[in-house]
Amino acid sequence: MRLSDIAKQFDLELVGEDKEIHSLAALQDAKPDQLSFLENKKYLNALKKTQAGAVIVKKELLSLLPKGVSALISEEPYLTLAYISKLFAKEPMSKSGKEPQIGNNCTIAQNVSIGFNSVIGDNVTLMPGVVVGENVTIGDNTLVYPNVTIYRDCQIGKNCIIHAGTVIGSDGYGFAHTKDGRHVKIYQNGNVIIEDDVEIGANCAIDRAVFGSTIIKRGTKIDNLIQIGHNCIVGENVLMAGQSGLSGSTIVGKNVTIGGQAATAGHLTIGDYAVIAARGGVTKSIPGGKVYSGFPLMEHKQWLKLQALLARLLKRGNC
Amino acid sequence: MRLSDIAKQFDLELVGEDKEIHSLAALQDAKPDQLSFLENKKYLNALKKTQAGAVIVKKELLSLLPKGVSALISEEPYLTLAYISKLFAKEPMSKSGKEPQIGNNCTIAQNVSIGFNSVIGDNVTLMPGVVVGENVTIGDNTLVYPNVTIYRDCQIGKNCIIHAGTVIGSDGYGFAHTKDGRHVKIYQNGNVIIEDDVEIGANCAIDRAVFGSTIIKRGTKIDNLIQIGHNCIVGENVLMAGQSGLSGSTIVGKNVTIGGQAATAGHLTIGDYAVIAARGGVTKSIPGGKVYSGFPLMEHKQWLKLQALLARLLKRGNC
Amino acid sequence: MRLSDIAKQFDLELVGEDKEIHSLAALQDAKPDQLSFLENKKYLNALKKTQAGAVIVKKELLSLLPKGVSALISEEPYLTLAYISKLFAKEPMSKSGKEPQIGNNCTIAQNVSIGFNSVIGDNVTLMPGVVVGENVTIGDNTLVYPNVTIYRDCQIGKNCIIHAGTVIGSDGYGFAHTKDGRHVKIYQNGNVIIEDDVEIGANCAIDRAVFGSTIIKRGTKIDNLIQIGHNCIVGENVLMAGQSGLSGSTIVGKNVTIGGQAATAGHLTIGDYAVIAARGGVTKSIPGGKVYSGFPLMEHKQWLKLQALLARLLKRGNC
């Protein structure tokens, strides 16, 4: 799509060379055929170094754009991005495409749907009611229990087990807001990548990335009713217990343990081998190798001490 | 159904005129062809003004009934209501009915079921495994992802997006209790109404009303794994983040934001533009326009102050 | 399977008589044709009294085995159990078997799958997209809403209602851990038993037992989005509100009430008629007949007192 066409459609000023744009990306990842945006000034450095073909920016920031990067001028770049994102959204279901390719020795039950251009490895089992969207890959020996939904473009590794009712690749929760209080969808054009040897419990929801990929790395085991927001990266051999959740863009190190009903605030990092006890609420990045509890989160031994203090307070009945 | 037949079936005394009853309703909503009940004395005023055809009440309250309103006498009106509710429950699946009506330019995938008497608008996409119960309406341009279930009698607006695995119209959690500790189902004869431009994430559960409607108003965006109890009314442009929940009969004002894993106790009102932070637990009605946190809920700045005090207490190691 | 074959396959020392082993079981339940294990020394008494055919144990504990009980020697018995458990896992879907038996007057909708050897009672309704695995029994008059998945070997009683999207019999979250931080699946070879008159809400996940059964007893009513871990035993007439969860091996007494988003830590007992308020976090066994709140859990009246103290502290702004 030509930048000039986008500019025209949304009545935006185009500064710089007209270009062919193929997709959207974050500033630090964008390539010359991609369009990016800057809303939050904490990403000014990424703006100065971006390799995007064009960026949606406020007029006052034009001078910071690297040479050769075009601009679409907007006073509300995030909202403008939201409107533009729809242009790059893929159809949920195409009308035509290449028949899916099924490996050797697979068990494909009745009432299974597999979308165009998908590739299923060897020895894969897809139980009744499984829906595999188009352009999905599923690795060898993976077992998918009934009524699982895998959205288009997602990649599932080898030797994975996905329990019934789980949803992989649903849209991340991303909206820009108008001044009059409406919420405009940012189409979620990324995907989910599940690496090898991952097990995911029943009725989980793992959202696709807005751009790029939500990633669950090799050997991670996820219990039931767990939410993983868009653009999370979950390290190798992580354990997540039932009803826990990761808000968008949480980065979880390897061998982290996350207790039941624990959650994260998103846009933060959890270091390798950290343990978050049940109900822990992670509100900022934390180093690995320690045990944490509580909300707001603290080291577990501090939390125990606090509970002991409160128990004493309660016993005395007075402060 | 005749009041006298109901009275006979459950061995109840009928006081006043025998009438034809078509359905059940709350005191304040009931019409002359409806049966209502009074269990909790805080609704005595509603009893005095009811336009119900008949009311299930304790004998001692008979004198408060408006003229012309009949009564079924019960020492346990709520329990009696539960038993009677079964008489008015509709079949989950009828054996016959009018073929569903599908609009122009729809994409109805394989393995989709649509019940009798349902009406699907134009440009609607129903992906594989979607189950639309009978007497459902779905508005133009709405997109329903795989394995979604919409129970009978529900109404979905235009331009909605419903993600995979979500359930709309499941029974509210309503039971009356016998003296020996059994729980008797109150059949949930209402429905769910989703207005236009609503997006609902994956694996949510939105319960139908016991009588009347659970309503999600225009422009509201709901994340994954969210529960909305029976008879909730969620205002326009509300945001609900992942794993949050509304207990039954919660009234949420417009443009309210509800954080991840936050919840409400039910039978309360949240004012317009209120913000409930993640994990907030709303236990009573709150005015709009403020930010709240914690459980029990308080204003967010109070919560921050409390956390600072506790941190100081912990540091000192003594109260 | 011969003990000697298992020993050979995993390079383990077999002490005592070679035997035919049919399945795995916990020490206190194991029979002479079953293999058990001891990892945690708090079960030494169970070891001394076990009737298992053989036990996986550390060498140093050999002398504690009852006469005639064989041993497989391992320095990591739980990890060894995990590897062995795969040998006893049943196929998720068999290639052949006895056609399912359907009772009189059932309504089996389109797109329903029923596995081999399953037995469906009279007057059962299975709505579209329901998947019943093999060797399942469903009692008379039970109603299963769309897109429910019931895994193999589970038993559902009479007069039950199971709402859409719920999963019964998914694998419990059980892993043994290698020294280098990988997680080895313990195949969950047990099942789920749902007794009569149970209602389960939408999008719940009830895990099968590792050995034996997860049991939901008669008359219990479960709301939406609830997790019940492996080997839980939920008593009669229990109420569990939305988004609550039970970790593995929780024993819940009869007529217990569990509030919304409440949870348990597992391997504990809740006494009859206990009430856990919303968000309560049960971390150890508690006697019945009382009302509890908070996390860590305390008696509700204590929790109210603590909140009052904290409110006073906050008001004073100083400790």
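Each chain gets a letter, A, B and C, in the order it is written, and its residues are counted from 1.
Simple rule for what comes next: contacts are C-beta pairs under 8 Å (C-beta built on N, C-alpha and C of every residue); 3 or more make two chains touch, one makes a residue touch a chain.
Here's who's who by UniProt: A, B, C = UDP-3-O-acylglucosamine N-acyltransferase.
Predicted, not measured: the structure shown is a model, and the values here were computed from it.
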{"item": "Equivalent-chain rotation between subunit C and subunit A, CA atoms, steps of 5 degrees", "value": "120"}
{"item": "Type of subunit A:subunit B copy interface by residue overlap (half), same or different", "value": "different"}
{"item": "Distance from subunit B to subunit A - Cα centre to Cα centre, in angstrom", "value": "31"}
{"item": "Residue list for subunit A, restricted to those that touch at least two other chains", "value": "111, 129, 147, 165, 203, 225, 243, 261, 313, 319"}
{"item": "Residues of subunit A that touch subunit C when the two form their complex", "value": "107, 109-111, 125, 127-129, 143, 145-147, 161, 163-165, 199, 201-203, 219, 221, 223-225, 237, 239, 241-243, 254-255, 260-261, 278-279, 307, 310, 313-314, 317-319"}
{"item": "Contacting residues of subunit A [partner subunit B, same complex]", "value": "92-93, 111, 113, 129, 131, 133, 147, 149, 151, 165-167, 170-171, 173, 175, 181-183, 185, 203-205, 207, 225, 227, 229, 243, 245, 247, 261, 263, 265, 281, 295-296, 298, 302, 305-306, 309, 312-313, 316, 319"}
